[in-house]
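Input: one structure, supplied below.
In order of appearance the chains are A, B and C, and numbering begins at 1 in each one.
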Amino acid sequence: MFYTLEILGTIAFAFSGSLAAFNKKMDVFGVFVVAFVTAMGGGMLRDILIGNTPVVWMKDLTYIFVIGTGTITALIFRKKLMYLRRSLFLFDSIGLGIFTIIGIEKGIEAELHPIVCITLGTLTACFGGVVRDILCNDIPVIFRKEIYATVCVLGGIVFFLLKEINLTDNLIYLVTSLLIIIIRLIVVIKKWRLPRVT
Amino acid sequence: MFYTLEILGTIAFAFSGSLAAFNKKMDVFGVFVVAFVTAMGGGMLRDILIGNTPVVWMKDLTYIFVIGTGTITALIFRKKLMYLRRSLFLFDSIGLGIFTIIGIEKGIEAELHPIVCITLGTLTACFGGVVRDILCNDIPVIFRKEIYATVCVLGGIVFFLLKEINLTDNLIYLVTSLLIIIIRLIVVIKKWRLPRVT
Amino acid sequence: MFYTLEILGTIAFAFSGSLAAFNKKMDVFGVFVVAFVTAMGGGMLRDILIGNTPVVWMKDLTYIFVIGTGTITALIFRKKLMYLRRSLFLFDSIGLGIFTIIGIEKGIEAELHPIVCITLGTLTACFGGVVRDILCNDIPVIFRKEIYATVCVLGGIVFFLLKEINLTDNLIYLVTSLLIIIIRLIVVIKKWRLPRVT
């Protein structure tokens, strides 16, 4: 189930990256690069910080193939997907929920402190999107005025609370990722914001 | 004493990052992220380049707590700190002096050549500030027309000269870091510049 | 021969970086930093992703000396080199050809899959130039409308095809790097482009 989740999150972020690149009218190579970096950027940074190298997509070709297939699918159906351009944030939210959990699990594997694990989860989930926005020359979504990374931190805290009460891993994954996705969607729709420093 | 210095430098850079984020009217999460990256960015890059992973803040929670406390303190006293906004460069200079020495010491630990150690020291001291300025959408202070990184290189050379004449480590740390801080302050006040290529 | 190639590529990229920095009228320290990052950026990212740390220039001072000498040479002859400013892409192309091969070889050494090796080659060749352009505040050449990284991917495919028919390594290096350099030059002169997504 864990691996399936990882592939799902990768597809969601590859779509989110492709859509962002379509909006900028990039060439086909550019679209693939943005899709790849959006999907793999967070995981790469996490693996580098932990020292878990070579990074994951070098050891398992599945990621490259999934992103390649995802990008080509997005290219073929781009006319239909363009109606979804405002739904970019939907794919982004799904990736956000799944990748937070993957980052936390990698932290636990490396026997790091829960606080560090939650940081790693947030980083895994958010960094790909930051690089996507920089490559597309947009202001990173994370620095815009909505709540973004905070949702991952919240999800991470729930993750460890559920672990305390001994839920099964699969149930924890499900509850936490759905929670992150739903809160993130509500945040975007309701335009919730964190207090600004004045 | 070495560890104390490191914590002091971390606080100085966390303050410098918080102040920069206040100036940009970021939300509370943004302030913490900028403070964290300013304080830890240089050390992270250094540890990654040396292969000294997991990076330091993952193995010792003190850093996260110090930066968290520093950011909250800065938030509470922000009205008073805002008078100091032009003194951003003071905290920056203190961090610069201390982090140069820490970078050099980590290079020596890894048995690298003095030239590489000086490069590591300069990188440790300067990279956090570069990322802070990028996140705040300012032109990095390092690329502005003042002398910045050159002060660290100079301090690094003095460090190894003092080591040659067998001064005690603590004395070398003190002399070198004070030297860097003072030269940096003079540079800012006197507006010294490196020759430009014409 | 392999090591000689690496030094040649380093000089080509150091020149390309210096010229870009001259055009921006940076100070002498800035010129060295841009030259260094252009020449070493791709290799550093590759070594970090593979986990081949400390990165190469820390273990062998030759690189720092070559880049230092190259930058000083470029500084002294800058009036003459400035006539070549439009030839920036010539040095860039030579570096591109050589660094692709070096990246591929490092991937083979680490026993990675050919697809991953080609990715590493492309990354080694292209990343330094991307950072150079970001530091000089230009739109990265790789994201402009010409074919850039695609040439490296093509060269990488030819590399493994030639390996299949058992050519000697030196011959493969020569043919592949010349191929990349020539195609790249044709691309720039003929203004070839990849199809854009519409």
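Just so we're on the same page, contacts are C-beta pairs under 8 Å (C-beta built on N, C-alpha and C of every residue); 3 or more make two chains touch, one makes a residue touch a chain.
Model, not experiment: these values are computed from the prediction.
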Size of the rotation, in steps of 5 degrees, that lays the CA trace of subunit B over subunit C: 120
Interface composition of copies subunit A and subunit B: same or different, split at half: different
Distance between chain centroids, defined by C-alpha means - subunit A, subunit B (Å): 31
Multi-chain contact sites of subunit B, meaning residues that touch two or more partners: 48, 51
Footprint of subunit B on subunit C - complex, ascending: 21-22, 25-31, 33, 44, 48, 51, 53-55, 57-58, 61, 64, 75, 78, 135
Subunit A residues touching subunit B - in the complex, by the definition given at the top: 48-51, 110, 112-113, 115-116, 119, 143, 145, 147, 149-150, 193-198
